[in-house]
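Both complexes below contain subunit A, partnered by subunit B and then by subunit C.
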Partner chain A sequence: MVAVAGLSAAALLAGEFHLRFLAEILIIGTAVMSLDLLVGFGGLVSLGHAALFGAAAYAAAVAAQHLGGNLLFILGTGIAMGAAVAALMGAVIVRTSSLFLLILTLLLGQIVWEIVFHWRDVTGGADGLRGLPPLSFGPWVLSSARPLFLLAGLLALAALWLAHSFVDAPLGRALIGSREQPIRMSALGYSIPRIRFLTMLVAGAIAGAAGALYPFVNLYIGPQSVHWTLSATMIIMLVIGGVGSLWGAFLGSAVYLAIQTYISAYTDRWQLFVGLIFVLTVLLLPNGLAGGLRRLASRMRRRRAQQA
Partner chain B sequence: MRDDAQPRLAATRRRLLVGAGVSTLLPLARPVLSQGARPLRIGMVTSLSGPFTALGESMRAGMQLLLSQSGNSMAGRSVEFLVEDDAARPEDGVRKARKLIGQDRVDVICGVISSGVALALRDVVTEAKVPTFLLGSANDLARKAASPYIVRPTKTNWMLGHTAARWAYDKVSKARVLTVGSDYAAGREYVGDFVQTFQQLGGRLGRQLWTPLGSADFGPLLTTIASERPDMVFGFFAGSDAVRFLRQWKEYRLAGRIPLVGPGAFFDQEDVLPAVGDAALGAVNAFNQSPTAPASANFNRAYMAAGKPLPGEFSTNGYVCGQTIKAVLERVEGDLSDWEKARAALFAEPVDTAFGRIPFDPRNGQAILDIHVNEVRRSADGKMINTVVHTYESVRDPGPDA
Partner chain C sequence: MSAVLEVSGVSKRFGAFRALTDVTFDVREGETLGLIGPNGAGKTTLFNIITGFLRPDAGGLHYGGEAIDHLSPERRVSRGMVRTFQKSMVFPELTVRENIAMAARQRAGVGLRWGGAQRRLGAAEARVHQLIGDSGLRRSGGERMSDLSYGEQRIVDLLISLALEPRLLLLDEPTAGLAQEEAERLLQIVRHHDARTSVVLIAHDIDIVFGACDRIAVLNLGQVLCCGTPEVVRADASVRAAYLGALADS
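Moving on to the complex of A and B:
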């Protein structure tokens, strides 16, 4: 309820630029949150998450160029593409862990990048794709900032709800079990590869839905969106926001993108600030901003309870 | 958090929602600026990190020189100059341009080095109807992506690729020409336009090699070139890529053995030549800028008086861009509100700039420029200097006819 109020307040008060910027934060945040399912609950640190997000974004952009920007069709294309790439990646990585998982996801992500970068006829190569038609839903054209922002907000809320129910479902519990006690889980009859594969699919579908909207915020999509550096950026956002909290992903992407957009107007060394915040987060707030806020809230509550 | 009597689960979910709500409101901290009587705001999008850092800093310095020469005022309006970094990435460039338009409410946008960023900005500035003076040289911006809101006071890639091919065919070699280039918009266009004109003239080509933007090691490429033994290499790299390529070109003992021809940015006077020693000695380039061109003399003096080296393309670009904006403002007495009228005033008469006296093509807002053929020579004090050996006058991009 508060989130809905926040979103609608922002929709009423903020200007064109801010709404688009917030939409971008919400979309990237949704992708980061889907990464949190893998990292925070499955202990699967992936350096290939941008490939899921970016491949879906390209699929949506190409589909829109040829068949128009019908929202449900575009979302469907993105989700299908995200899940398909996730299925491929999942099939390769389900039996690996830690370092090998990191390297394999990195390599698979780079393969997707290579395809996007060199398939010039379809993806535009290094130049990316522009000249996309606006999204439409029935008779409404969703091209200005406000509807795009609301769309991104709805996507974020739906994805957050989906991720929460996934984590609370038996499958999500089993995923945590497979991270904490893989041997015991196998002995209990759970198939760990199957759990991980299904998690990859869910994360890929959510990242794909986010990716589907991404090209329409700036009416542009470029190969940077599938590059492994975006995967690494997503991990940084996740750590700043709070691994395993789900909603922290949105905090993390807001902090990162705000630094990138605002600090860089004053200094060329904005990455130094990202680095400092990252180090401070790891040292002082091991559970990220989300964990810090939660601790602050419970401390305030305790103090109030003592006063009462 | 108002109510402690709630069950635990509900409290958790509410905290989660509060967090999501707050996070979306965070960047709203800066209020939207109010409109009113105010100075002219010029927003520049350029690369201050990434492979074009040096070029972006030069561009900014060129613009700043013009602004300080004109006492930070144009046509009686004081000027505020804002600079944003695009890191040579289209996504970042688009976000920064939207910030300049939406939050800083700039009257004019200028800048851009990477052709990719320039193309990505096209739809943003056209939709927002902001007068834009782009310095990225993608051909399409003069052709099917031309926009009534975009003026380009610099060259298109075609102008250099085309003239380089004419020169190479007449004076260097008619066959066994190998091409090598950075695999992004500008590289594809320079090499593509060179190949097209060269073949139209009847020249024959060897292999075509590509490497991604931002390559660190050109070893495999240079070994291939050495084993192919072409009669000439046409190449294009920019910024730090050009520096690394030329250094390795010398390390592989290819410098001085195989004639090297390229567009001017490959051998930029300010950002490339000082960093590569004599590796580029004898190389030939087609360029709209040359420190030895007469039109550049005054700018050279002023720029060097500010403690800078001999200017290259992007400092001159920044300066010329400022000169063009200033000329437009003076022709409409500082009032840009009617862009249609301002644009017509710009096209009515050529503008005097450090590139010479340049007319603008009314079809696409593209400058029509003299293209020099420069040879890298050793000057009296031992420095490498781009020296004009020939000038193709009034080269005009085919524009919508291409």
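Moving on to the complex of A and C:
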């Protein structure tokens, strides 16, 4: 409810630049939220999530160049690409954990980056792809900021709903079980690799849907969208927002991108601010901004109950 | 009575250390078999081999008359072979109900569902409710595991395994660290669950084992010293020498 009201208000009040900026926050936030399924619920810290997101973004951009920007087609392309890369990554990582998982996802992600960076004919190499056709839905062309923002908002809400339904379903419960007590899960007959693989597919599909929209916000996609540094940025966003909360991913991406956009206008050292916020979050709000807000809300509710 | 499980000539080394040497015994339909022996005798290792967590260096297993040496732990579970662990292995962040439901859903074949199967999920939930009710735990099921006492956690640990409706239940020191009364309650839950279930019970408390078991196998330094009814085991000279000692005389 609050989210829908916020989205509507922003759509009415914000200007062109801000709407595109908010759309970017929602899209990246959706990708970070899909990472939360792996990290927060599965205990699987991946440094390759940008590869799922970025590969889907490139697939969508290339598809649009050749076949036009039909929204459903583009979304389908991104989801398929995200899930496909996730399947490859999943097949490799399902039996690993902690440090090996981190390194393997990093390496696999960098393979995707190498392909994107060197396959100039298709991806534009270091220059990326510009001049994409805008998205369209039936007779509507979604090129101005407002429809793009609303689209990103719908994507975020749908993804959030999907992620919640996943976490509440037996499969999501099994994922939590595999994080908490993997040996017991095997002793109950669960296949941990299977749980992890299916989760990778779901996370990849959601990241892929987000990736599909990403190139159309600025009609540009570049190789930094598949680089491991974006994967690391996603983890920072997730920690700031609150691991395991799902919606915190959007807060984290908002804080990070706001610092990147506004502070970088004053100083090149904006990453220091990110570092500072990160450290403060870890020290003061171990469950991130989402956890902090939730605690604040319950404290206020208690106080109101005492007064009544 | 036919055997549910036959262990034939199983040996296992860890490096140069012989953890199990030529272990042979069987578990019969519906019986409770006690497995006793000093610390380090190889009891847990034997459970790990039976359940497929470890591979034996030699020997084999037959379960329900079939060789199961090639089956993964998960496949063995799906055939009704269920174990607990020496250390309590519950899901501390989840509620009591969710802990047991994790097993009940798997038993109902809906452990990895996402959407649908409402009827089977409902049946699994009902089963959880019934298990909690029958257990004598005075808990609604909504409590987080970490808020329970140790004794209660061990009972929930057992209920998780019972929710799989085992044909063969392997309990690794379920009563360790429990007060006499709690231990008896736990064993009562096992016995009242299903008379067809075969149970292998590892425990250190001699009174418990001799009171609760139909037969007893004694393991020492990785070898089966003796296997038989409590009277036979109590009278066995090698067992008295190696393990029971003064206990049996008293």
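Miscellaneous remarks
In this text, the second predicted complex is superposed on the first by the 308 of 308 C-alpha atoms of A that agree within 3 Å, B and C clash if a C-alpha of one lies under 4 Å from a C-alpha of the other, contacts with A are read in each partner's own complex, and residues count from 1 in each chain.
We take it that a contact is a pair of C-beta atoms (placed from the backbone, for glycine too) under 8 Å apart; a residue touches a chain by one contact, two chains touch by 3 or more.
These numbers come from a predicted model, not from an experiment.
For the composite obtained by superposing both complexes on subunit A, the positions of subunit B and subunit C are free of clash and fit together.
In the superposition on chain A, A:Thr261 contacts subunit B only, with no contact to subunit C. With both structures placed on the common chain, the touch criterion links A:Tyr220 to subunit B but leaves subunit C unconnected.
When the two structures are aligned on the shared chain, A:Ala174 is found in touch with subunit C, with no touch to subunit B. By the touch criterion defined above, A:Glu24 lies against subunit B but remains apart from subunit C after alignment on the C-alpha atoms of chain A. In the superposed pair of complexes, A:Ser98 makes contact with neither subunit B nor subunit C. In the superposed model, A:Phe166 lies in contact with subunit C only, and not with subunit B. Contacts of A:Arg194 after superposition on the shared chain: subunit C is touched, whereas subunit B is not.
Once the two complexes are laid on top of each other via chain A, the angle at subunit A between subunit B and subunit C, using C-alpha centres, comes to 140°, given in steps of 10.
After superposition on the shared chain, subunit A has more residues touched by B, the comparison being subunit B against subunit C. Residue contacts after overlaying the shared chain place A:Ser186 against subunit C, while subunit B stays out of touching range. For the overlaid pair of complexes, the smallest distance between C-alpha atoms of subunit B and those of subunit C rounds to 13 Å. Taken together, the two structures place no residue of subunit A in contact with subunit B in one case and with subunit C in the other. Residues 165-166, 169-174, 176-177, 180-181, 183-191, 194-195, 198 of subunit A are the ones that touch subunit C when the two sit in their complex. Contact residues on subunit A toward subunit B in their complex (touch as defined above): 1-7, 9-10, 13-18, 20-22, 24-26, 29, 117, 125-128, 130-131, 153, 156-157, 160, 218-220, 222, 224-225, 246-248, 250-251, 254-255, 258, 260-262, 264-265, 268, 270-271, 290, 293-294, 297, 300-301, 304-305.
Considering their complex, residues 1, 4, 14-28, 30, 32, 48-49, 53, 82-85, 89-92, 94-96, 98-99, 101-103, 115-116, 119-120, 122-124, 183-185, 188, 212-213 of subunit B touch subunit A.
Across the complex, subunit A is touched by residues 51, 53, 73-74, 77-78, 82-85, 89-94, 98, 101-103, 105-106, 110-115, 121, 160, 164 of subunit C.
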